[in-house]
Amino acid sequence: MSYSNTDGIMIGLEIHVQLNRLKTKMFCGCSTQYHSSPPNTHVCPVCLGLPGALPVINQKAVESAMKVGLALNCEIVEQTQFHRKNYYYPDLPKGYQVSQFDYPIVSNGKVAIEGEDGELVIRIRRAHMEEDPGKLIHMGSIDKSKGTLIDYNRSGMALLEIVTEPDIRSPKEARRFLDKLRNILEYLDVFDSDLEGAMRVDANISLQGGDRTEIKNISSHKGAERALLYEIMRQKNLLRRGEIVTMETRHFDEARGVTTSMRSKEEEHDYRYFPEPDLVPLRVKDRTEKLLQELPELPDAKKERLISQYSISDMHAKALVSNLKIANFYEEVASEVNPKVAATWIADVLKGELNYRDLTIDACKVEDIVQLVTMVMENKITDRSAVEVIRTLLDSGGNCMEIVEKKGLVKVEDNVVEQAVDDVLGENKNAINDYLNGKEQSLNFLVGQVMKKTRGRADPMIVRDIIANRIK
Amino acid sequence: MITEEDVERISWLARIEIDSSKSKEYAEQLNSILDYFQQLEELDTSDIEPTYHVDDLVNVLRSDDIKPSFTQEEALENCENKKDGYFKVPGIM
Amino acid sequence: MPEWMSIRDTKHKIDNLSAEEVTSSYLDTIEKSSINAFTNINKKAIEDAKYYDKNQSDLPLAGVPISIKDNISTKGIPTTCSSRMLENYIPPFNAHVIEKLYEAGAIIIGKTNMDEFAMGGSTETCCGGTTFNPWDTSRVPGGSSGGSAAALAAGESPISLGSDTGGSVRSPASYCGVVAMKPTYGTISRYGLISYSNSLEQIGPMATCVEDIAHIMDVIAGYDNRDSTSIKRDINYSDAIINDSEGMKIGVPTELISDGINPKVEKIVWDAIHKMEDLGAIWKEVSLPTTKYALPAYYILAMSDASSNLARFDGTRYGLQVEGNNWHVMASKTRAQGFGDEVKRRILLGTYALSAGYHDKYYVKALKVRTLVKNDFDRAFNDVDVLMGPTMADIAFKVGEKIEDPLSIYMTDINNVPVNLAGIPSMSVPCGFADKMPVGLQIIGNTFDESSILRCAYTFEQNTNHHKKRPDGVN
């Protein structure tokens, strides 16, 4: 069923990715591990903007930018240059940001996502390198400010700004794009998405060819979806009332889930871009081959390989590759047990249980899952018991064998079940009659009695079959 | 030519407060210099490339190795208004 | 009595007396001086000199005092750029060149006065008052490195460092009868130089004799990985100190001997050229047709750079901070009070030249004119080794004479700015006197050919007596 996009929604995203896996900042040798350091302890003349300081480009930052570009199917530019973007703000130590203007390092790429109606290709317009400003802490409330505190630890961190074409047609697609992008970046190991400030999103949206609104201050993928949903509603309301949507920048209030107008003079920006005289041009296209070879297997490729190598379903493969560590975990397990069964247990069960508890796959050991799957396959425990084992592993630790023993989850042998069925049928003649007279619930009752007798260790599906066959 | 409105706009862009009573004076001063710049129009540069850098240097890069940073004290040394290790300034609004 | 001393002379004196006595003597001279060449004295100068005396070594500048223009960062010593904005700024780091000087054993005696943020041609725009020309204290010393040149001429410092964006070491050298070099762009690291126009500027050695220029270059020039525009070249500049210019080809650009030139200056410069001829060089007239357009192009570029380079002075991390009810007001008031009129003018014009709608007309146009200027020099250097002409079209003007008309001061650098646009090296050496005031000869070389310039300059110096004259009251 094709997505008709009756509102004519066009969404473009600008994503700032902080290359926090680099050891040093974009233009100086200050360490990037500032997240739990006291303020202003990861600064030097360069990132503090002291007079006389000069920038020097971090080679690894350039290579990271190129790798991201290649992973997004972009073209690498022949010659690129840094530019100064001139504006005043307290978090900007030099009164300009060193960024890129008309020849970004990579451009013209594409990323495939799952759109509303099948695969959708989102074009990447460009990605360029720039530096992060410092961090502001506002004292007091916004209208009765007692001042601003500034920490420049973040100043000078390498950023990659990725800009899409407005090919996204719904908030859901926006969310999926962001998830896919983060996934790819995770595979490239260019950033740690868990650290604060690692990924910041600005969204541009227009309806029915009207003026576009820019939404700033989005700090999560869910937030992006919510902000866009709100904005669509707001704009539709305006249009319904016959009003025009003006081109403006709006601020997303995460707490209230609304966008508000930013009516301040700072919006009159004339950045007066000119090439940074303190930095010379980069001609790095010839490093492309080497970097292509260094690229790891990316999510789409890994998905295809898992499907063909392990004969698992597309749905399972997708779920597994959505997190690199889980995908790696899966392959370790699949090397020891039936891959298809492993896929079911990891993608359908384990992943959900981890999410529910806000845990990562690090909370799990490969051996435990291997043992679990083995026992299930050898019919030693029921599926239900297996789920219980997983939950216990995550909640209280321990290991698979221990838990099965302690909780007495070993599946009862068939003759024990037979015996229990005999006993129950013997004790519940009325229920049998009720069932034969058409009362379906009676069967459930009988199954329940057998489960009670076997202290839950029987497989209810099998018990049901046995009883049904017996009674007939 | 630079008008008084231009002076106000540029002085905001440059964050240099200029008393509105002085806008006219500034405009005059700036225009006399700008007049002098106009003679560049006499030159035909349609086939000329701009020179952004005088030398042929390209690809000046450094390796991703950590260098010592300032101590917090050194960083804040030249600032009179500080608090708890932060630089302190008035609010934005 | 104050005297001119070369590095060699100074080292001899240190051997006979001590570094402490020599430094002390300079500090004494400075204290008694009324030419206002210094903004700050290094409180640790005597201590450093004493240290040298205890740990004598064979270092190239061992115990030799040097004065530093106040836009070069000196750790622990105030660096003000002669601006109210940085009145109390003490850098927490040393410029590359300062590290090099310390490594060579030099003693920094103090920081010299300059036009505010290096924007000027007379050292009159400084917040600490103007500097006076030792040859005639009713006249300016030139700028923006006027303090350095005046200190040299007054015997207050044997050697000095200045900076040259559009003539700022050459003009004061010419007006004060001393020697200075603006090297090829990229030769001396700009790390620590407080930037006015980073596309164009270079730190320049200043001294009372040509040989010292080479010695200073040997210490401070060379690759620095902290400056991305720094060039890797291994040159020994002292090797070029040769008294021989036989066969050297000199070009005399018609445009540098312009209409407005003082006829006495013109004659003195031609005498110098003919002297070189006597010494075995050959000269011919050449043309640099774009010369007159170089000045407006230079100012557009320099002002554009400056408008961005000076944006960091907003009262937040260092320097002056004026109260304001929000950050933008605070920054605007701070900059209004911290910057002088000339600096403000240049920032405003630079902002304008880069702004939307004017960017191509001014900024890009100026960069294209820069290409033409460079092409002119490339063509000229196909036929000749060096170019010669007057550094300045006139002798030093009177204090206050031109300050009300900024454009008139801009015009004085007409012979200097093409060199900065092209990034090529140039020196000014004394070549005579007009109305008792020094006249400077400018010797321009091709990219990285400081050696030809030094050889030419040294030969001229050693075969003339101009460098032996002194201002009244100086030996």
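Going by the order they are written in, the chains are A, B and C; count residues from 1 in each one.
Just so we're on the same page, contacts are C-beta pairs under 8 Å (C-beta built on N, C-alpha and C of every residue); 3 or more make two chains touch, one makes a residue touch a chain.
Source: prediction; values computed, not measured.
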Chain nearest the overall C-alpha centroid of the shown protein atoms: B
Pair joined by the larger number of C-beta contacts - B-C, A-C: B-C
Whole-Å separation of chain centres (CA-atom averages), subunit A against subunit B: 40
Where subunit B and subunit C are represented by their mean Cα positions, the distance between them in whole Å: 23
Inter-centroid spacing, subunit C versus subunit A (mean Cα positions, whole Å): 57
Numbers and ranges of subunit B residues touching at least 2 other chains: 12-13, 15, 52-53, 55, 57, 60, 62, 70, 75, 87, 89-93
Residues of subunit C engaged with two or more neighbouring chains: 89, 92, 199, 225, 228-229, 307, 311, 314, 316-318, 326-328, 331, 351, 355
Residues of subunit A whose C-beta touches two or more other chains: 48, 56-57, 88, 90, 145, 148, 150, 152, 270, 272, 277, 279-280
List of subunit B residues in touch with subunit A within their complex: 12-13, 15, 52-53, 55, 57-72, 75-76, 83-93
Partner subunit B, residues of subunit C touching it in the complex: 88-90, 92, 185-186, 199, 225, 228-229, 231, 290, 292-293, 296-297, 299-300, 307, 311, 314-319, 321, 323-333, 335-336, 339, 344-345, 347-349, 351-352, 355, 362, 364-372, 374, 406-407, 410, 422-423, 447
Sites on subunit A touched by subunit B in the complex: 22-24, 28-31, 38-44, 48, 56-62, 79, 81, 88, 90, 136-140, 142-143, 145-152, 264-265, 270, 272, 275, 277, 279-284
Subunit C-touching residues of subunit A, taken from the complex the two chains share: 45, 48-57, 84, 86, 88, 90, 93-96, 145, 148, 150, 152, 270, 272, 274, 277-280
Subunit A contact footprint on subunit C (complex, rising order): 72-73, 79, 81, 86, 89, 91-93, 95, 190-195, 198-199, 225-229, 304-305, 307-308, 310-314, 316-318, 326-328, 331, 351, 354-356, 359, 363
